[in-house]
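Here's a structure for you.
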């Protein structure tokens, strides 16, 4: 091997080592299993973005190391050691042109890949299931329009957790009822704002069943930090079970039980805003909530199958206790559906947070739910108000809510 | 770019020295007008985006009175002529004629503003309030901003007349008139665009 | 108008004749004490006041930042409530951008731009004072909200419809809207003033391509301001009309499109980024050559890349909106345009490095901050390139990765550049040298603190921590020792180290004021025109307006190439160069007199604005003051006799040097 | 002031006579009449382009002649047309993104 190529190859080795060190330093510095890690794609859309990252970040690393290395060399080499005042040269145009053209070439390579990925990600023609997502201060509503091919024969309305079949191309049709929110499940795709008055499309697809965490990413007011979401990918069979369960008829609690008393409390206190499909009053008339009379944004979470969800209050709180929660999160992919579909059983319920929420919601989550702040919104709440429930009422309500599964 | 820094060192001592040979004040006014292009551009764009969004309120075509607005547009256009005549007479140092033309310009401008006030009240009576719809908010904001500009222009014209009459100008008189004129013509030019885009092209 | 008979001795103060009985109110006579500052129209005094105001707000914004970092040091922080936190980050951003970054750049521009082009003052001295006082009024209105029911809480970007009356019911947003309009007006006036100054008031022989690079960058910035400020003004007016007068611009129930605000905001907001960074680029483009003892490498390329950054900067605003729901066509176009802007930026970095290449580098604190900028900005620039890739950006935007990026650019870039300027020009402004040892502490603590604070934010963001959250939860922090909690804590500790660094600067100021070393005439062996005069400069800047033959004129008056050895040889000291100028002093030097009107006019506008919140009567009072002061301004007498004008006026009409200004 | 005299000479050399200005005003009036006529007469597909064209002709006539931009220092034109050009560019681009909505 002649000297020149040896120098070259050793330079290459040094460069490679440096890139390696920088990259591994970054990786070693990362948390393991951070639920919202953008560098752990779990679906084709996020993978497309990650492929692009895998191109751009190394380029940035290499350029950065070359430039900073050069800078350090210059800082050391041309230190004032008593040398002469240098010749007052004003620059070399050929060098300038080179240093303009080289970055331009690098960027045009990046540009081509970027361009392609933008249009690949915008693809929506081959959608297999559509779910409407509506942001609201400070929770997300999911509504599944009728799609008989997925067994959805009547609209399903839910909140907190987006449940969808794995390995299926899901199209979210996003909008908002009040301010701008942004839907973001990092493992599945980049974020897309939910803007009132507009419908934005976001494609999600999960490779495997599992739970994927996300968070509202556009500042949306007081409780922005508490507006979380979880996306639940189930196998196609498990999803069919979930769909069927969501559509099953309402079974009122047997008369005389504490659950039945709880139903009465619910009708008196909660049914103004919250909907439980199939719930009927004493005369047998269906009870239809009218949240738009009380809530600025015009909706409150539909509680029909509350106990099939693991979270409440905009996914701020777990509806299951820590142990049961860990069972679901920790379940391997093939067991995940089974663990999730168990829902919230009595021994799994997170009694503490749920009761505290019922006792005084505004204390649990900052919201515009105080009477003296309601002037500009014509007296309507944003978020859940303080209801002055007695402890007895709360006991009954919890018992009743446990029947909603 | 003009590079005429030919003044002697003696002249350079004076503040009146100018590297480009053009007046500071005029340059500042032109920069301001360049900036105003983006101000009115933003207001016009807002209107263009919202022109068709009328909610329950009246549509533009229902309330615009094209013959009336055409006349007031014409009045404003002609005020540009009287303004330019004021400038040329000031440059000839014929200040009595300058004052006359400035007054004519101010009267024409005031007529335009009066017409706009009349128009606004007529629209209001037909149910187009400021809060009625996106169309109404953006229409009133755009034309109102323009109206305020015209009003400020009228005040500037009348003040110039006063200052010239009392001989209290602190600078070059002809240039002051010319600069007021630049502002005035710009206001006219903006109306040329508003008249076409807002009134003549239906939503 | 003050007439300064060219002094026989250097110590003669500005001799001012009182105003003649001509006009409504007499012009004030230059006096000592507070009046000297309140009514001054001297660009140097105004520059110092700009600096003081900006430094004050830097500390205010810094304290806000520390509170934010305290809150986020641990999960479920309880230092601030959600509402307080939202106000805090809104005001931190707003303060740092509008009340620190822009005014501090304006301070440098005001002080040094006339000196660098060999002028006695700016084109419109009274308008210059007006800009300052409007900025002060704007800053007061913005921060008064803290004491009047809470500050704005919608983020510095104030997206509609969250900024509407329903979602932001306190008056905070009203004060924000008004304060920014006033501060914007201040910048607009200032920018027109400076453009005219640069174009029209250069010393003889100083062609555009012989202007110091700092002046060039300031010129580009002023053009950016002139053409971007009206856009934010439109947005602010629309929001004000909605909040205060029932307009419907962002009322979605009427069919409004919230993206209108985003477009208007970012059409302004992106050029604004360059407004903040280019002055710092200009400063270090002066500092690097000075301390490398070499001219700036590729001067014309640095100039044109600055102009290119400015121009292209108007075409990339939508890259702040990649997740906003623009169509793929718009996203693709803006993505590519954004990449294009990396090219001129890269040109700058390469030219700085090549300036140092082959130099004789002298590591003063000013130089350390300048190379701090070069390295830290490079990191910020590269993370910026990763955002320009729109699909990646949808993962990164609104996370701490963005926070990391723009703090590397704005703190590592803008703030380091400004600090470099402090250390470089302090002797010029105050005649005393800042202490280099304290400076070293200042620099190293800031470098360490800055990297500890913002470095971990790259990891936080890429691992999914969104911005603008008043708490983060352990449940989403991941496992392992280096989880997000660890990095949040490191960032918080870093922010206090950073603050300690800034504290050393404040200590240095006090130390220097008390027992600082008196600065020699040319402490850095500098290169540009501002050094061809005393430290600090006399009120009229130059005894004789220097005639310019070279780029880096001052250097070429001191050094020439030895034809035999082809090395640079010094043949004159700075003192000799300055002496030569003093000996040939101009016979008549005109400086404008102080004036009451800039201050009164600014107050009038302030009162007028408060009328939007407090009702029509207040507005009427404000308007009355405004109209009165405008007439006072226009009719303000000139104190000079015609005979004292040089050259004598032709038709007797010219009474003042700067009739409107 | 040294520049004041210069700009005097400039305008006298390049400016127009009063009659010239009146002629311009008459042309502007005629174009305005034509514009208004589009409201009453059907111009078919030419409606929009012709209105825009007439608007620009009027605009540039006032700017070039009444505001002297045609005769004055090119620096003034630069300042104004940069602003105008940027305004057209950014606002047309912004409005276009509302059209490329999906």
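We call the chains A, B, C and D, going by the order they appear; numbering starts again at 1 in every chain.
As a working rule, contacts are C-beta pairs under 8 Å (C-beta built on N, C-alpha and C of every residue); 3 or more make two chains touch, one makes a residue touch a chain.
As the structure is a computational prediction, the values presented were derived from the model and not from experiment.
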Winner on C-beta contact pairs when A-C is weighed against B-C: A-C
Remotest chain, chain B as reference, centres from CA atoms: A
Identifier of the chain whose CA centre is least distant from the whole-structure CA centre: C
Distance from the mean Cα position of chain C to that of chain A, given in whole angstrom: 39
Rounded Å distance, chain A centre to chain D centre (Cα mean): 52
Centroid distance [mean C-alpha coordinates] between chain C and chain B, Å: 32
Contacts with two or more other chains, residues of chain B listed in rising order: 1, 7, 11, 14, 16-18, 20, 22, 24, 27, 31, 34-38, 42, 49, 171-172
Chain C residues counted as touching two or more neighbouring chains: 199, 226-227, 231, 255-257, 259, 264, 327, 647, 654, 657
Touching two or more other chains - residue numbers and ranges from chain D: 1-2, 4, 75, 82-83, 86, 90, 94, 98, 101-102
Contact graph of the chains (line, ring, star, complete, other): other
Chain-to-chain touches, reported pairwise for every pair that qualifies: A-C, B-C, B-D, C-D
Residues on chain B engaged by chain C in the complex (per definition of touch): 1, 3, 5, 7-20, 22, 24-25, 27-28, 31-32, 34-39, 42-43, 46, 49-50, 53, 55, 130-134, 136-138, 141, 145, 159, 163, 168-173, 176
Contacting residues of chain C [partner chain D, same complex]: 199, 223, 226-227, 231, 257, 259, 263-264, 267, 314-315, 317-318, 326-327, 329-330, 647, 649-650, 654, 657
Residue ranges of chain B in contact with chain D within the complex: 1-2, 7, 11, 14, 16-18, 20-24, 26-27, 30-31, 33-38, 40-42, 44-45, 48-49, 66-67, 70, 73-74, 77-78, 80-81, 83-85, 88, 91, 171-172, 174-175, 178, 181-182, 185-186, 188-189, 192-193, 195-197, 200-201
Complex contacts: residues of chain D adjacent to chain C: 1-2, 4-5, 75, 82-83, 86, 89-90, 93-94, 96-98, 100-102
Complex interface listing, chain C residues touching chain B: 23, 118, 120-121, 123-124, 188, 192-193, 195-196, 199-208, 226-231, 233-235, 237-238, 241-242, 245-249, 251, 254-257, 260, 264, 544-545, 547, 586-590, 592, 631, 634-638, 645-647, 653-661
